[in-house]
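Structure first, commentary second.
Chain lettering (A, B, C and D) follows the sequence in which the chains are written, and residue indices restart at 1 in each chain.
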C-alpha cells in the first residue's frame, strides 16, 4: 500500500518573493507531482519554511538528477534544501536505561508499521531491557557509562553509531548525561524526553516534588538535545490531569503515560520529516 | 497592526499535475507574495484543495485585475477559485432564541478583535437577548417564528438578510427549524451548533438522556446546515469529561461551555477562510 | 510498599438516613481505620452508593469476622455490600484476536505493577498473539471460534475460565461475538472496548466511514457487555482530535491509541474496585 | 429547584481512628442526612480531610445548634471544622484592570446561575470595565492604584471590602501588586489567575517570550495569593495546544481562553466549598 515513489522536500531560507513559484515549477518540470504543501513565514523573524510531499507518477527513480538540481538552486538562492525519498528510511538508535515504558512504546509502534524507520541498534547502560529488545528482534548492546568512564563509553557509542549508519538518536529515558562534545557531533539529531511539570521541578524525585507542590497537571516535553542541558528546541509537549488523591506512585504512572506518548509522537514526526529547527524553535509541519 | 493588503486564495478541483506551479507563478507575476500555503490531496477521492495567504508588498490594490486573472484560469482549468481580500470582512447575522451563552461568546470575541467580521444583525424569535445585543451595539430584530408562521417569518428573514448584505448565518442556539427552501438558499453559509453526545441523543431533554445513559463525555458539533437535519458537514467538534456525580444541571453547564467554544472556533475559521466543503467533508486549513 | 492490610468496601442501596453513620461505626468497632470515602446519592433515582478504603492498623487479618458482620447488616438493611481485601487480587482472562495493541498495553502495565491483579489466562481465536503472551509469561490458549462452532467454543471457554478461577473477562479487541447465554453467566464481569465515533459508525470499516464523514474526533468507549450488543453500561470514554489530512490509516492509528488507553483505564478501575453498576449507569469512584 | 436546606461540612485534622464514625453519628443524631462524602488521608503527611454535603429533610433550620455542636467537637478533638449552609452565599469582590475576558466570564456565569454567590462589588484601577459591570448590574468602584499610592489605595480597598462584607477576592487580571500586609489580611481568600507557561516565563511580554521559545502548550494557573508572589497554593491548571503557526496574538487569544476557564472553575470550586489548603497543597473535593 505504501507508495515508495514519494519524497519529502524541506526548504528553509530568509523570506523573499517567488520562492514557491520557482520550486513548484522545478518540481513540475522534472515530472513530479506535488501531493502536499505546508508553507509559512514567521512574521517576527522573516523565516521562510516549507515542506512539500512529492510523488513520481511513473515510479521511475530520477532521484539523483532531482537532488543535483535542488543542490544547484540551494547554492544559487542561498536556501537550505533537503530531499528525503520515502524509501530511504531513517536509521534510529534508541538509548535506554532501566525503565521500559518509552522503549516498549517505540518498539511496538515500529512493529505495527506506524514508524517508517529502521531500528538497527538499542544501547543501554544496564542489562535490564535486553529481553524486551530481543523480543522485538532488535540488537541490544550494553555499554556501561557513568561520570568516571564517560570518555571511553562515548568513544564506544560513536563507533557503534557509525557502524550502524545511524541518523537519529532517541533517548528513551536514558539516565546518563552525554558530554557537550558528543552532543555537538549530533546537532538536531538527538531527541530526548523530559518530565517537565507545571511548575518545572529540577533535581531528584520530581514526582515527590510535584506531589508536595500540589500540581494539577503532569507534563512531558520532547526536545532536541543541545549542549545546554534540558534547554534544547521543544518538539512536542503534553499533560495529564492529576489531583490531591494521586500519590507519588500515581503521579509516576501518569508521568510514564505522558512521556511515552509525547516521545513517540516526536519520533514519528522526525521520521516523517515534519520537523525543522529555526532559531530556538521547532517548526512542526502538519 | 492588521495588514489589510492581504488576501486568501482558495482553490478546489480534481487533482492533476502542475496546479501549484501554475498558480504560484501567476501570483508571482502579478507582484504578490505567498505568505502561507496549505495544500493537500485527498488520496481516497483525488480532490485537490489549497489555501494560500497572499500579500501585496506595495499595499497597492490590484484586486480587480487579480480576480479577473483567476476567473480566467478557473474557467480554463475547470477549478473552483475564490479570492478573499482581508479588507472585505464577511458580514454575519446571528440567530438566537433565549439562551445567551453562544451569543455572548461570539459578541465578546468580536469586541476583543478576535473575529475579523462585521455583525450588523442579530435575529431572535424571542425578546430575551435584546439588551445583551444592545450592550454590544448590534441591532437586534425580533422575528416571531414557529411551525404555524414559518413561511411568513422566513420571508421576513430573507428581506433582513438581503438588506444587511449578509454573507454567513450563525445559529447560536436558535431553537426554530429552518425550512428546506430557506436552507437551500444559503448553501455552506449557515453554521449550527449541535449538542451531540457519545452516544448521540436525539429528541427532547438531551442532558437528561445523557445522565440516564451514564455517559463519560459531553460533546458538541459545529456543522454546516443542509436540508437533512443535523447531518450537514462537520466543521468542529469537542468534548468535556463528566462523571456520575454530575447531575443534569452540571451536564447542561458543561454542554454550554463546549458549545460556545466549538461554535466560536467554527465561526472564526469561516471568517479566516479556513473552511472548504468537499463531498460530505469539511477541510479545515491550518 | 504495597500495604496488603487494606480492603475496599462497596455499598449500594436505596438512600435513607443514617447509613454512613451505621457503617462507619461498625468499621470503627471492628478496629479498622477509614482511609478514603467516596459516597454520593443520585438525586434523580435516590440511589445511595459508597466506596470506602479500609485499613487494619495491626495488619492482623480479621477478614472473616468482618465479612460476616457485613453480611448480617446487608441482610437486615437490604443493602448490597461487598468487601474486597487488597490481597485478594482479581483474576483476569484476556480475550484477543489478531490486533496486539490492547493486549500489549495491558500486559506491560501489569508487568510494571500498575495493575494489581493476576492474569493467568489469555484466550484467542487466532495464534498471532501467542509469542507476545509468552514474552510476558502468561499462558496462551488457542480456542477457535466462529458462528458455526460457537456452542462448542463457548463450552471450552467456560471450562477454562472455571479451571483458572477467573473473576473478570477483558475483551481486548476480541473479534468474535459472545452468545447471550454466555454473557448472562458473567454479569458485570465482561469489559469490552468499542471503537465508537462521533457520530457512531456501526458495521464494517468504521475508520473508512469516519473518514468519509469527515469527523474531527476519534473516540473509544469501554463498557460492560450485556446481551444487547454494544449497549452495556459505559465505564470510560475518550477521544483524540483528527483532521482532513488524516487518511484512513492515520485514523486507525489514533483509534488504537485511544482504545488501548480507554480499555486499560477501565480495567484498572475494575481491579481497584472503583466501579459499580446502578441501572444503566456505571459509578466510577474517585 | 435549588435546595436551600443543604450545607457543606469541611473537616481537617491529623489522621486518627474513628473520625468519620464520630462525625457521621453526630450528623445523624441531629436529624440531618449525608448526601455526599469525599474523604481521604494524605499518605505522605497523615493529613485527614473531608467534605460532607448534608441535608435537612424537614427544611427546618437547626443551623445554630448544629454549628455549636461542631464547635465543641472541634475543640475537644483538635480538628478544624467549618459548616457552610448553602443559603449563606459567599460574597465576592472582583478586582480587574483593563482586560475584560475574565471579568466577563465570571459575570455571565453568575448571571446564568452557575455561581451560587453574591457579587456586590467590582474594583478596578481603571475606568475601562465600568460599562460591562453596569450591564450586569454590579456596582463598580474605580480605585486608582500604583506603586506611589499603594498604601492609600489599599486603605480604600479595605474599607470597601469591609462595607460590603466580602468573603473572597478574585483577581481577574488585576495588574497591580497587593502588598504583603494586605495579602496577610486575606489568607486563603484571594484567588489569582497566572499566565504560566511550559516552561514558565516571568517578566514582561510573556506571550512574546513563549513565541520565541517555541512552546507547544499555553497554560494558566489559578492559585491562592500569598506574600510570596506567584507561588501560592495551586487550585486549578489547564493548557491549550499551540504551534509554530501561532503568532504572538494567537498565543494571547489562547491565553485568554485558558485563563478565563481556569479562573472561573477555581472560583466555582471555592463557592461550592470544594477547596481546602493543606500545607502548600490545595485539596479539590470531587
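The rule is short, and it goes like this: contacts are C-beta pairs under 8 Å (C-beta built on N, C-alpha and C of every residue); 3 or more make two chains touch, one makes a residue touch a chain.
All of these numbers come straight from a predicted model, not from anything done at the bench.
**Student:** Name whichever of B-D and A-D has more C-beta pairs touching across its two chains.
**Tutor:** A-D
**Student:** Among all other chains, pick the one whose mean CA position is farthest from the mean CA position of subunit A.
**Tutor:** Max centre-to-centre separation from subunit A belongs to D.
**Student:** Report the inter-centroid distance (CA atoms only) between subunit B and subunit D in whole Å.
**Tutor:** A distance of 36 Å separates the two centres.
**Student:** Let me have the rounded angstrom distance from the C-alpha centre of subunit A over to the C-alpha centre of subunit D, please.
**Tutor:** Their C-alpha centroids are separated by 41 Å.
**Student:** What are the residues of subunit B that contact at least two other chains?
**Tutor:** Within subunit B, the residues that touch at least two other chains are 36, 40, 243, 245, 286.
**Student:** For the complex, give me every residue of subunit C touching subunit A.
**Tutor:** Against subunit A, subunit C makes touches at 1, 36, 100-101, 104, 108, 111-112, 114, 131, 135, 243, 245, 249, 253, 256-257, 261, 286.
**Student:** Please give the residue numbers of subunit A that touch subunit D in the complex, ascending.
**Tutor:** 40, 42-44, 196, 198-200, 211-217, 219, 221, 233-239, 243-245, 247-248, 279-284
**Student:** Could you please specify the touching residues of subunit C with respect to subunit D in the complex?
**Tutor:** Result: residues 15, 17-21, 24-25, 27-28, 33-41, 50, 57, 286 of subunit C touch subunit D.
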